[in-house]
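Read through the structure below, which is laid out as structure tokens, and then see the notes.
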Amino acid sequence: MRNAMSYKIVQHVSRWSVLAVFAILLAFPFYWMFITTFKQTADLYTLENNPFKFNLPPTLEHLRLLFGQTKYVTWLENTAIVGAIVVGITLVLALPAAYALTRLTGRWGQRLGIIIFLTYLVPPTLLFIPLSRVVAILGLQDTIWSVVVVYPTFTVPFSIWLLMGFFKSIPRELEDAAMVDGLTRLGAFVRLVVPISLSGILTVVIFTFTLVTQEFVYALTFISTENNQMLGVGVPTFLVRGDVYYWGSLMAACLIASLPIAVLYNLFLDRFIAGFTVGAVK
Amino acid sequence: MAVVETRNLTKVFKEGELGAVNNVNLETREGEFLVFLGPSGSGKTTLLRMIAGLEQPTAGEIRIGSRVVNHLSPRERRIAMVFQSYALYPHLSVYNNIAFPLKAQKVPKDQHRKKVEWAASLLGINLLLNRKPRELSGGERQRVALARAIVREPSVFLLDEPLSNLDAKLRASAREELESFHKRIGTTTIYVTHDQVEAMAMGDRVMVLNKGVVRQLGSPTEVYDRPADTFVATFLGSPPMNLLENGDMIVGFRPEHLLPVELVPRAVINFRLRVKNTEYLGAEWILYGMVTGGKFDGKQVVSRLGSAGSFQANETYEFAVQEEHLHFFDRHTEKRTEPKVLAWQ
Amino acid sequence: MAIGAKIPPEIVGVKQGEVDVARIPWRRTPDGRARLLGVALFSPAVLYLIALIGVPFVLAFVYAFTDVKVGSVTSHYVGLENFRSIIQSPSFRKALGNSFIFTIVSQFLVILGSTILSIALKDKFHGRGFVRFLILLPWVAPISLGAIGWKWILDSLYSVINWVLVALHFYKPYSAPMWLGEPTLAMISVILVHTWRLLPFSTVIMLAGLTAIPKDIPEAAQVDGAGFWRTLFQITIPMMLPIINVAVLFGIIFTFTDMTVVYILTAGGPYDSTQVLPSLAFFTGILGGDLSQGAAISLFLVPILVVISYFMLRMAHGAEIA
């Protein structure tokens, strides 16, 4: 005879144990980054010390090293600049395309949309070899412009797909009403659809930006000088002198880069899912 | 023996606010078709779900077959439920949908086929056993939902507005099927709806609810001809009962009883009506009028007629209501009271 | 076509209502104009993608059949020479095998884990937002940074895991496992990091699928008498299969074509034991300068992509019909 109350308790306990196990396994590396960032080098490299606590008082020396003696800030700047420009390019290309494919092209427009989405599946690890030659020919080798030109190859298909989902959820009648009132199709798009989809567009902006910050292969392939490098490649490559890893600064670099992105991402995730399920379910 | 009984059943969702269900007492009769009727938010679905075991009451007792079941899970209560959306398992065939409760209750496998086919034949869906729910029409899905419910031979059927997802045309025939189904199997059934036509047509008894409180429990004739308060009076019947205030009473009369004076033998109230609008509905006319002169000058009333003869808009005519067709309600409690002699001029 | 659309100006002298539709060139009709506008709007994106995905894609094939190297001015057609030499190379065969092993094992673990996790996350509860934040971290952080974090955790001398193992007396000091230094352990470490990274992504997708199940259905199962486990395995999970499909397809692509984890964690070592196709292509083609061989290696990714695309198209098509 099952008691409703005790069933609830079992439910709570098992749910929380599952969540605790997974949360610890998944978030632990970041906690570890955090501890390593503030531990003195001597503390880090003494095997006998309990690594989970501060045996010596915490320190800011790794942070000072990171910001003072490495090009970390430059990489942050490069990544931010590239991110902003790529977001701009992506919006210019993807917004009209997504609108056209949702509203103006009927069945074969849907097909084209799917094909565009499939290009997202073509991996950088296949294209990077021919693209390295293209980049060299264009003379963009070892500059941030190389990635500015190439990054939209994955941000655009992804954004088109996401935007199509958002546009589909806007009823056609709104644009029809606007056209009856005298706007042209294009006018309806610019003055009506875009403002309504602002939250969807913002979501696309955020996700595009995070895709840029996470990228590794193209930046590694096209850019070699420390000054021009992006965050994702600069940190694992240049914070290593010879075979010696500066773990304190490395972990600081990782932590500082990861957290803001994580916060932004979380804020927009629900909207992302909304756009994505509309697209998939319809 | 009452099949389902509730005593002082209450459900409060938010502390300090009025409950969704407040102190409901009810006793079903064996084999009856009992309808919970009320507008949305009246608590009828919450009440049903508490009986099913899908919601826990805040206070009060629920008994099924004279066992107290408050602490029992739905499966232990021997009830079956048909949801508004039918909730058929989309990935299972009709056969497996119907067999699922048998599997869940660990009925021996060799008995499954017999029982499924019995349930299916009761509803005439034997030919559909291999189909999937998405291949079925709305009416067919209802029948599958019923078969899945009956296959366990429950002591109570609970139905949550099963007709509201069907389109209007289908609803009438589906309703008729439900009624004959109930006659065939005779299981006590509780049926939730907001549609008073369904309630009157199908119910052996109707329980009218508003804001979580039972307003009246009685046969269709009782709730229609002797409504217990103004809510029941206006909720049943379309167009709703006309209500006029007279002193410390509210007097009501149904549109079909407000007739041209020639047709009313023992007229008690006479009105001079200026016709504002008439609607021709095919089988009858609805006439909207405004009282001119006398105590109720300016009040809007509605009349229902077999034929509108020669009624013109903006003309005034003499209408009347018979004594037997008057309902009296206390103005403050809004509850039904004894007729009183009142001044009408 | 919207009501009230204006008559095109070239049809002069015609009163509204007297237009002979058959005589207007289609491209001038509102329908035609809409189509033209549509083409104009998506052309920039399509042209860009053709130029920077389509063309390089073709070039990859071209390079694989030539002898082009970094810095070479001319190139010659060499037939299947590149393919012949890489197939004979043990590094290649190891990389090919590893690509499959890493992908299949990590995907299996990911699906298992994310199904459990999504069910635990399904209902609202206090602190769900924070838990979700924690769980999403591996996916959100840049791949290379997460990998570097793991490199530190698995470090041969200072691994925190080893410290714990030694403290619990499973190992003597200095004899704890060399996670990245021994072939088998290194393979396990790579699989572990891939799983860690993809779990959040997969969980989010599964959650979307779970919340799409109407509330009625588990209630009906409850009324029918099904307990927690029966409902889970016979109702909930079967209804989630389409979304599990989506998660698997994406997961396979993201793992099979990734080179970052291997590059950072082990650089393919020790002795090629953790090499995968994309990282091998990188070492051969970019670091080694042999573009044509590198291209040939990376072409082996294509069959998998084709298979996955086929399944995705089928699902998209099926979703359209249903």
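By written order: A, B and C. Residues from 1 in each chain.
Keep this in mind: contacts are C-beta pairs under 8 Å (C-beta built on N, C-alpha and C of every residue); 3 or more make two chains touch, one makes a residue touch a chain.
None of the values given here were measured: they were computed from a predicted structure.
May I ask which two chains are joined by the most contacting C-beta pairs?
Chains A-C share more contact pairs than any other pair.
Averaging each chain's C-alpha atoms to get its centre, pick out the one most distant from chain C.
When every chain centre is compared against chain C, the largest gap points to B.
Let me have the rounded angstrom distance from the C-alpha centre of chain A over to the C-alpha centre of chain B, please.
Chain centres of chain A and chain B, defined by C-alpha means, are spaced 55 Å apart.
I'd like the Å distance between the centres of chain B and chain C, where a centre is the mean of that chain's Cα atoms.
Taking the mean C-alpha position of each chain, the two centres sit 54 Å apart.
Suppose each chain is reduced to the average of its Cα coordinates; what separation in Å results between chain A and chain C?
14
Counting only residues that touch at least 2 other chains, which ones in chain B make the list?
73
Quick check: in the complex, which residue numbers of chain A touch chain C?
14-15, 18-19, 22-23, 25-30, 32-33, 36, 44-45, 47, 50-52, 92-94, 96-97, 99-101, 103-105, 109-110, 112, 114, 116, 118-119, 121-134, 149-150, 152-153, 156-157, 160, 176, 179-180, 185-186, 210, 213-217, 220-221, 231-233, 235-236, 245, 247, 250-251, 253-254, 257-258, 261-263, 265-266, 269, 273, 276-277, 280-281
Per the contact definition, I'd like the list of chain C residues that touch chain A in the complex.
Interface residues on chain C, with respect to chain A: 2-5, 33-35, 37-42, 44-46, 48-49, 52-53, 55-57, 59-60, 62-63, 68, 70, 113, 116-117, 120-121, 123, 125, 129, 131-138, 140-153, 155, 157-158, 160, 163, 173, 196, 199-200, 204, 207-208, 212, 246, 253, 257-260, 263-264, 277-278, 281-282, 285-286, 291, 294-295, 298-299, 301-302, 305, 308-309, 312-313, 316, 319-320.
Name, in rising order, each residue of chain C that touches chain B in their complex.
These residues of chain C touch chain B: 214, 216-217, 219-227, 230, 234-235, 238-239, 241, 322.
Can you list the residues on chain B that touch chain C in the complex?
Checking each residue of chain B against chain C gives 52-54, 73-75, 79-81, 83-85, 87, 89-91, 100-101, 103-105, 134, 148, 152.
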